[in-house]
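Heads up, the next two complexes both have subunit A, just with different partners, subunit B and then subunit C.
Coming up: the complex of A and B.
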């Protein structure tokens, strides 16, 4: 499958009007990438990728800016989804969005520096000066308080700093400071061979390794215009579904942990562990790393293993059904989950949210359906959608999706059985030469939603620019909307119901 | 309610014994002469005599990819169940005997790592978990991260892996208990 991308180059002053036109035509922002192409064409370039889910097409707006004046009119006012992208590009590349409503540093904490690490003349191993934090004096009305939480949290979770503005118990507003785990993966990938960089891409996130690897592989394979062997296609689809399965089963337990319902936590923890041991048997890695490579997969799954997967998955699903029925019929659980953290459909549309969060608010958005990849084009499946948009809907959405995944895995295993009996199996298509300066995006659906990887190729099959947009990056800006009006003790629950990674958002 | 109780009773015990978890070559408890299951007794006794009844661990994510965090979570699940070794994860460094650190120290988290280390009471030990933290990760030093925790805080036990398996993390924690106990016996506290 190759994405159909229609490209359009526009002048920078046309940008807001063009974005508005696309948004009104039913498009949403997929990703925005800034590149430093001063060496080649003397310009900085911004690329806005838009997707139309119903028509399954992608539109690219390209804007060039001269090296001596890297500024452009901000589009955040007309398209709020662009907020983070514009701030990130300013932090890392120094391309300034003019009249941006809130141009605080995003990725690089502390005071704004005059050095831009993603510019190509910035050495890979050079450090930046240490962060100096300034705490702003909050402007509070009578009876209002600020409750700061993090960045290091009480449990074993990732770092993020949250400031709740509360009046009594009610949350009036939430400011989330993320990007604590910004590791500069994109800079480190620059100059690496495209095949080598796969290991780095998998480390973007611990629990979305397969989907990140798939999105990256799709981009490279589209650039090289190659098709992968059919067996590899189905193996990839199977791995993707195994990843979704263990994540969703784990999420059911994490949601129960959010209200201290230890029955659910422990039961789901036990089931997740079974699935991870299955992952270990299948790929030799509990998080399925190292299985997806550029051009195919690294190893075939034997008949015995396919049978083991089928047995394990069906027994886990049966048990999960029992556990879920206990959870969903428990009075306290229902009381806490129902109508907590409601995410309005309008917010989802405005910010272009993805994944289970969007699907629990009535927006049917799934890369597997809208832009089918690998085996999904040949599979029949439904994407469960719920309307309520609360924590309960997000839980039910996951449980329903897990059952779909179970059916998908059955079918995929049937399709794979044909191949395992053959003796000479081809699993990898050798990489064809890539054209220097060519670029495209690759997509995949992780357990959290849509991943979009932008890859631009440099000399000798190396990466010139990699931009990873994970599902969490698209969904984090909507979390503050879902917690408004709730009480602080419900925040861990609401946060867990989105189950966003910090690492793959921060990179 | 009755469904819950019934499901609980129907579920078999899945917790793995020490014999299953640790092989003979386990690097801790070197002085033991009894079989592996006594290992649990040994560490329980150590927790009672040297750590006031329970060992408290504080976790600091210094910029990991989240895989190490999930493996740390996994040791709390019923299969590994580290609570039976009297080890618990706590919400404040003030309560902690051990620190577990993952990730290669990002620029944005350096301050948090330093402050957590300073806030932990002596005697304390640090367990570096995963390739990134021990300085052998795939991701090298760049503008955003340092590529290892060694320049900023001392490391007492290294648990390699990307991510390390849950039983390796458990082994690392037990080893750190032993180290800390020896240190206190030698130097006093």
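Coming up: the complex of A and C.
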């Protein structure tokens, strides 16, 4: 199913007014991509993609800036969701948002050196110059303290630096500095063959390989205007749900680890391991890598494996139900989870948060429903939502989604069994020639929410620009709002309830 | 005698920790580390170099030794295998014992603040806040059992129960035992108060205070913490279930006392491991509720002395 994208090119001074008009019309910012097109058209270009979930359409605003004056009016003031995108584009491409309320460096830390690694004339193998990381003198009221945490933590977890402003144990504000794991994936993708780049795209994130691969494949397939074989379509849908399943089950365990509830941690860990062993049997990889390729899937799933999936999933679901009932009936657990880290619905709307976090705050937002891809258009399913927006709601959201996923897998397997008996299986549609300079976005719903990949094609089927917007990138800016007013010992729990990746945010 | 006893405690304390960890792992369906793991950890720490923050002062280098010395002294006071008080330091005075441990805690707090890191300050502010609530309960619970007979030493309390195990075990003892058990759970830093296994530095209570230490220093602090754990177990046993303890100094009595004491400590450790396996950590500000509950039980224990039952 191809996205309907209506495109509009505007002058840069019209940008804030146009954004405001779209936001008021019920649109939200999907992604914003800056490109360096000085070689081709002599301009830098910004593309703002907006989505209207209810109407299932996407609108694109394009703004061009001359090479000698790469500035534009910031829209962060009218649309806070644009904050990170504008800062990132300034850091990496040197396109400056004028009158941005908080233009601190985002991706590159320390002082600005006017070195822009994502510009086309910056060699890919050149390392960045050393910077001095200055710490600002905090402006503290009486009784307030700053608690700096990370980027190296006491456990083996991803790096992030958090600065809490606290009064006693109460958190007054939180500033998070991420992008310690920025690997320059987008830069290194430039010039790669579109099919080869799949291996790179999959490694954006450890635990969302399938959904990143799907979003990328959708973008390429839309550009080539091709349809994939029906068997591949269902196989992809199955892989996507398997990924959601093992992630959600693991997250239930992680939440219990946040409060030291070892029963939940160990049991969910055991179930997740069973699912990952299943993944290994099905695709040869515990994180399901290498299964999705441009134009289809790399391998068919045999009848025996389908049966194995059905059995394993139903037994895991049953056990998870028992574990969940123990977790949800434990007095201390409920006391810790309920009303901790409340995420207001208004914040979700304002910042365009996605995934289970948005749905647990009562916002029905799911790519599978709003912009159905692969097999989802032909499936009957519901996406649960919760209203409370606290840690408890996000836990229940995941448990409810796991049950829904169980039903989906059941149906998908039924649809797939028709194909496995056929001898002549086509799994991949060959890639058609891509038009140089064409671009589009591809979307998918990961366990953390919506992924959006922007792909622009260059000469000879290579990538000219790739922009990966993971679900974590969309959701990190809302975490500080959810922790406000909570006590410091609850932060790890609240953070875990969002379960955001650092690597796929930082890229 | 008391020195031998304290040395015994030093060597035995890591094993108790190992047994608790092993039991916990077993209850969670894991294989778990060997019961000798704490000894290996100590050996590793002692071999490693010590990293000192450039902000830290003499305090960080001295306190770990001092802290262990205080705990060692406390260990010399407590009746472990025999209730014969003349073998023990200061006739096992209750007040001295508790304030020795209190002093050790204070020193730990000073170490936590010494390097000026945010975690140390955060950890000790929580630790001291909790100990503030623990102390009155400890006194009330222990004194309640001895106040009628004017007994202010652990050995006296043990002797009292040893000589009349049935007549002397009254409602007072029962209430005091409940209160003391809750205090022991708090003092040894176990769930639901503190999570000893957490890697989440923001949630730590006791661990946060020693987060900056390394090498020899962390070895001494860990050993001190494990000894304190064993001492609190023994306090509970002395006051509430001294059965099996020798009352004199006969060889057979002492040997029996050692065996029975080891058995009782393991039973207590297993109970705590079981409690830890089924519990989650409570909200930090729910801890006072837990401790006030313990305090009110201790008050009732005291009151039962003055009410004809």
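Just so we're on the same page, the second predicted complex is superposed on the first by the 506 of 507 C-alpha atoms of A that agree within 3 Å, B and C clash if a C-alpha of one lies under 4 Å from a C-alpha of the other, contacts with A are read in each partner's own complex, and residues count from 1 in each chain.
The rule is simple: a contact is a pair of C-beta atoms (placed from the backbone, for glycine too) under 8 Å apart; a residue touches a chain by one contact, two chains touch by 3 or more.
Because the structure is predicted, anything quoted here is derived from the model rather than measured.
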Query raised in the report: Thinking of the overlay built on chain A, is A:488 touched by subunit B (first), by subunit C (second), by both, or by neither?
Result: second
Query = Which holds for A:154: it touches subunit B only (first), subunit C only (second), both, or neither?
reply = both
Quiz prompt | Which superposed partner A:270 touches (first subunit B, second subunit C, both, neither) | solution = both
Check your understanding: What is the contact status of A:180 with respect to subunit B (first) and subunit C (second): first, second, both, or neither?
Key -> first
Q. Once the shared chain is lined up, is A:372 touching subunit B (first), subunit C (second), both, or neither of them?
A. neither
Touching partner for A:130 - first (subunit B), second (subunit C), both, neither: first
Exercise. Please indicate which partner A:330 is in contact with in the superposed arrangement: first for subunit B, second for subunit C, both, or neither.
Key: both
Comparing subunit B and subunit C in the superposed model, the one touching more of subunit A is B
Overlap of the subunit B and subunit C interfaces on subunit A comprises residues 154-157, 263, 266-267, 270, 330
Contacts from subunit A onto subunit B in the complex sit at residues 108-109, 117, 122, 124-128, 130-131, 133, 151-152, 154-159, 179-185, 187-188, 199-200, 203-207, 209, 250, 263, 266-267, 269-270, 272-273, 276, 286-287, 289, 322-323, 325-326, 329-330, 501-504
Interface with subunit A, subunit B side, in the complex: residues 1, 3-4, 7-8, 11, 14, 59-61, 63-74, 76-79, 89, 91-92, 103-104, 106-112, 116, 138-146, 162-163, 165
Listed in rising order, the residues of subunit A that touch subunit C in the complex are 145-149, 153-157, 169, 256, 258-263, 266-267, 270, 330, 332-333, 335-336, 487-492
Contacts from subunit C onto subunit A in the complex sit at residues 24, 28-30, 118-119, 121-122, 191-192, 195, 197-203, 211, 276-286
